[in-house]
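Shared between the two complexes below is chain A, which has chain B as its partner in the first and chain C in the second.
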Partner chain A sequence: MNVRSQISMVFHLDKCIGCHTCSIACKNIWTDRKGTEYMWWNNVETKPGTGFPTKWEDQEKYRGGWELRDGKLVLKSTSKAKTVTNIFHNPSMPSMDDYYEPWTYKYDELFNAPEGSDQPTARPVSMVTGEYINVESGPNWDDDLGGSRIYAESDPNLKGLSEEQRQQLSAVERLVLFYFPRICNHCLNPSCVASCPSGALYKRGEDGIVLIDQKRCRGWRACVAACPYKKTFYNWSTGKSEKCVLCYPRLETGEAPACFHSCVGRIRYLGVLLYDADRLEEVAKLPDEQLIDGHRSLILDPHDPEVIAAARKNDIHDSVIESAQNSPVYKFVKEWKIALPPHIEFRTLPMLFYVPPMSPVMANRNDDTVSSVSDEFFHDIEQARVPLQFLANLFGAGHQGKLLYALKKQKAVRVYRRSRTVGDIPMKTAEAILREADCTVEEAEGIYKLTSLCTFEERFVIPPMHREEAIEMMKDPQEHKTAVGFGFLDPPKRGL
Partner chain B sequence: MLRLLSVLAVSMLTLGTLLAQETADYYRQNCMSCHTVGGGRLTGPDLKNVTERKDRAWLARFMTDPKAAIDAGDPYALKIFQEARGVMMPALPGMTRARAEALLDLIQTESAKEKSIFAGVQISDRPFTDRDVETGHAIFTGAASLKNGGPSCIGCHTVNGMGGFGGGTLGPDLTTVFERYQGRKTLSTWLSAPATPTMQSIFKKDPLEPEEILSLVAYFQHTLTRNPEDASTARLNFILIGLAGTIVLLGLFDVVWHKRFRAVRRPLVQERQLESHP
Partner chain C sequence: MFEIGPFLLDTVLFVVFPYVSLVVFLIVSIRRYRSESFTYSSLSSQFLENKHHFWGLVPFHYGIIVVLVGHVVAFLLPREILWWNSHPARLYILEGSAFVAALLCMVGLVSIIIRRITDPKIRIVTSVADWVIFGNFIVQILSGLYVALFHSWGSSWFASLAAPYLWSLVTLTPDITYVTAMPWMVKLHIVSAYTMIAFAPFTRLVHILVVPNPYLWRKPQVVRWYGIRRKSKRSTAESGAFVDASN
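Presenting the complex of A and B:
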């Protein structure tokens, strides 16, 4: 057992209202610089929809992530040989058009317009070229466009859905959408790190945050092609690639990352997980249907004395172990099993988990009246407007089992709480539904508490980062302390 | 004291020989391609007993700056300029008054000998055969490598009728070099010790063998029947071949990378819009 610690995350999709506050918080802190205007380290997508960049989930086109070839785990986009043959042209590189060309408006023309008979306008100009542009797409171009012919119908997750289900998704009065906020997953088996020819990407030892060393990055952009979630971006101004840093400077001072902190729906949870690094490869090679269980089995019980001993042996600080014991992520992922990794079939073992959304009840339309098809207070999961297969394609590697389990448990908690607070459902029925959903009363209370009444401290259990321990490996921390904090800022630039 | 003197004497003697050796090398590298000592005229006159024909001061002045002497209208300088059919002696690198005097000393010594070491290269006088021409062609194109490892001519030169891209364009076209160098003897001598800076630096270390020179000269005599290549045709050929090559290469890239990433968003939008508004 080789115990490591990892800052992990849970996004509770049932609570996301799609307000993009997270995206804006991130943009204002990190990506408002020249060359980064088109980047959205945090973005919120509408599902069904094509996302950002357009259809990023379609790895037939983008070729991100890993695949199993002859029992070996290989990158889809590159290899040692391909690094050489594709050195002047990477054939898997998305263009800016697949993200969007960032723009602003010529406000001057609006404010300083001379008096005239026409209404003055502020024309859009590209933030890349400075020329006037026709705005054709944006980072959330299909925002709230559930049921749209172009975007929603082109969602790669519609694979395997029947024609009837597809039509239902866009039918009037039935169309449905939910939000899918995304940041870097800080994967356990990151393909971006594996693909970098310069060795500029690394996974931080103490907390597993995946970072790009701006001094070592040579702008090959292999990470851009290799990341299946398209969460590394190329800065065309500095000639280096950049990605979500999980606001590590904030984490190091005990603050939640900006997107977490600003989240209006309080959908975001953050905490430490302990995992077994020895079994990574074995798990990443499992067949699709076993991946979720395998991934969960990597996460170790922080209360287990054996795990604690092994963690201590790996110099994981007691305070971090304690933090792992209070981790909300551990509860959602491992104890309750209602948070699932996105697209685990890309085999990067993402460490951001999603609680799948409960969708509205399916309706019937008779002439001018619309009525619910279910008599139950909370409808059958199978009758939900979002077909189970769609969610399974997103969070279950195409298999419905884990989704059904997670949604049933959520439904059971609702029924139970309804019974407790309103009382129009007999407790006996509620308990039966709980049992059926493999949920105890204590667990239901726990889920309810952490979902609805969670405080700041419960949502974000940030471990002390113990930077001094990492520094100690290179340098005397006392000496380091007296040697930093005053000097020249060295902005990244092209070349060596 | 005696010992010191003897050491001094020996070192002066060695120095003297070294100097003499150095002058001979200079002669070989810079003079031999145009002049012989007792071997008849090449491009320039035979230098046997030159010091008796003209006084040393004039000679040394001419050697250090031939152009100035000719431009100044010196009658003797003009005479030898005419005799050389208008080929002007080049200003030689490292030629100083002292060097000129040393060279004149060397020429004087060599003139006194019955057979000077600078009488010219001994290259057979036998008539050229077709085989010689063939061998010369092979040497020129590099099909046959040079015995001493020098580079083949085609690297820098061309003659008409090379085909394809032709030969190199760095050096001059050699189609009529036989005529320009006034025949077999001069060309052979020149090739035995090429005097231009580029040729010299390349062939000083790896000189041509006499048989190779013979074959090459035979080949150059053979090419005399052709016209020098028309530069514009050659350039057009080059551009056309380059263009065709580029198209083939681009086609090849397209095949090799046929699965490359192409745009996603624009085609998706266009395709869907076409479907709804055909």
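Presenting the complex of A and C:
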């Protein structure tokens, strides 16, 4: 057992209202520089929909992530030999057309336009060329399905759905959608890191954050192609790639990342997970249907004395172990098993988990009357408006079992709480439903509390980063303190 | 030594200039790598335009690699080249393939320049230095093609004339008698090459010096730790992880 700690995340999709506050918080801090305007380290997608960049989940097109070839785990987009032969032109590289051409408006024309009979307008101009452009796509172009069926119908996750189920998703006046916020997953087996010809990408040993060393990056763009989630981006102005840094400067001072901190729906949770780094390769090679269980088995119980001893042996600080014991992520992912990794079939072992959304209550429209489809208080999960197979393609590698379990448990908690607070469902019925969903009363209370009543401190359990101890290994912290704190910031200037 | 006229000019161009350009190349390349590592790459524009990119970049780079390697081999192994060329058939094969590679390079370069001019997004990321490089390359490749066509057989006389001249520079006993009598197109080719060497470290051409060296041998995953840890703690048994304590 080789215990490591990883800062991990849970997004509770039932609570996401699709307001994009997270995206804006991130944009204002990190990606408003030249060359990064088109990047959205955090974005919110409408599902079903094509996402950003368009159809990123379609790996026939983008060739991201890993695949098993003759029992070996290999990158889809590249290999050692291909890195050399394709070094001048990366055939798996997406272009700006797959994202969008960023634009702004000529606001000054509103004020400086000469007097005339027409209303002055602020025309859109490209943030690349500075010339007028016709805006034809954007980072959330299919937001709320964008007024057209083509976006929802082009979703790669519709694979394996029957015609009837597809109809169900997009029938007029019965249209259904949910929001899917995304950041870098800070994977355990990141394909971006594995693909980098210059070794500029790395995972931080202490907290698992995946970063790009800007001084070592040589702009070969392999990471952009290799990341199946398309969460590394190429800065066309500096010639380097950039990605979500999980706001590590904020984390190091005990603050939640900006997108987490600003989340209006309070859908985001962050905490430490302890995992066994010795078994990564073994798990990443499991067949699709075993990947979720395998991934969960990597996550270690922070209360287990053996795990604690092994963690201490690996220099993991007691305060980090304690933080792992209070981690909301551990509860959602490992104890309750209601948070699932996105597209685990890409085999990067993502460390951002999603609580799948419950669909709206099902009703049938017969001429002028609307009647509930199910006699139950909450409708049957398997009859949900969002077909289970669609969610399974997103969060279950195409297999419905884990999704069904997570949704049934969520439903059971609702029935139980309804019984407790309103009382129109007998507690006996509620308890039976809980049992059926593999959930105890204590667990149901825990899920209810962490979902509905969670405080800031319960949602974000940020471990102390102990930079002072790292510094101590190099030199006297007192001496270090007097030697830093004043310096120069240079713009990202290139050569001639 | 004190004669004026072409001889002095030859001395400047074929003795002073190569040393100056080499010294500039070495000092600036090393200094830039050490203090401005961030700038040490080309500025890829594939992201802004993905299709035309292939038809320019690929033929240009493969062409120039073949041509460059050919020059280096002829410089290092002149005797072997002469031996190889002793059969006409082998000479034609060598000259023919070198010429094709140079043509490939030229076609690629033209394609690159057209792309730089016509695509508005690519124009934005093109600097003045890029145009200087393009101009230098045009002179270099066209003069090379001209020499190959009209002063045959270059591969043989390079081995017997240019190689000794270059070696005389390397051994710090410059002897320009080999080059003074050469046709002016050959001289242009040589001087243009020195210009490129001198100018390269200031521009995007530094990307020639960075190769994916550790990648080809390293394990897939890279982990970095703060500070210094005992090696055993970093665990060598982890799944294929390459450990780097540089930061």
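The working rule: the second predicted complex is superposed on the first by the 469 of 496 C-alpha atoms of A that agree within 3 Å, B and C clash if a C-alpha of one lies under 4 Å from a C-alpha of the other, contacts with A are read in each partner's own complex, and residues count from 1 in each chain.
We adopt the following convention: contacts are C-beta pairs under 8 Å (C-beta built on N, C-alpha and C of every residue); 3 or more make two chains touch, one makes a residue touch a chain.
Every value quoted in this text rests on a predicted model; they were computed, and no experiment measured them.
When both complexes are superposed on chain A, chain B and chain C occupy overlapping space and clash.
Using the contact criterion defined above for the overlaid structures, shared-chain residue A:V128 touches chain C, although it does not reach chain B. By the document's definition of touching, neither partner reaches A:R312: not chain B, not chain C.
Within the superposed three-chain model, A:R435 lies out of touch with both chain B and chain C [touch as defined at top]. Using the contact criterion defined above for the overlaid structures, shared-chain residue A:T54 touches chain B, although it does not reach chain C. Of the two partner chains placed by superposition, chain B and chain C are both touched by A:S95. Contact with chain C, but none with chain B, is seen for A:M474 once the two complexes are overlaid on the shared chain. By the touch criterion stated above, A:R279 is placed in contact with chain C alone, chain B being left untouched. Counting residues of chain A touched by each partner, chain B versus chain C, the larger count belongs to C.
By the touch criterion stated above, A:K159 is placed in contact with neither chain B nor chain C. Of the stretches 42-50, 150-158 or 222-230 listed for chain C, only 150-158 runs into chain B once the two complexes are overlaid on chain A. Looking at chain A, you'll find residues 89, 91, 93-95, 97 touch chain B in one structure and chain C in the other. By the touch rule above, chain A contacts chain C in their complex via residues 2, 80, 83-84, 87-91, 93-97, 128-131, 189-190, 193-194, 196-199, 201-206, 213-221, 224, 234, 236-240, 277-282, 284, 313-315, 467, 469-474, 492-496. Across the complex, chain B meets chain A through its residues 257, 259-261, 263-266, 268-269, 272-273, 275-276. Partner chain B is touched in their complex by these residues of chain A: 50, 53-55, 58, 61-63, 89, 91-95, 97-98, 136-137, 149-150, 153-154, 225.
Note for the complex: chain C touches chain A at residues 32, 36-50, 53-54, 57-58, 60-62, 120-121, 123-125, 127-129, 202-204, 206-207, 210, 212, 214-216, 218, 220-229, 233-235, 237-242, 244, 247.
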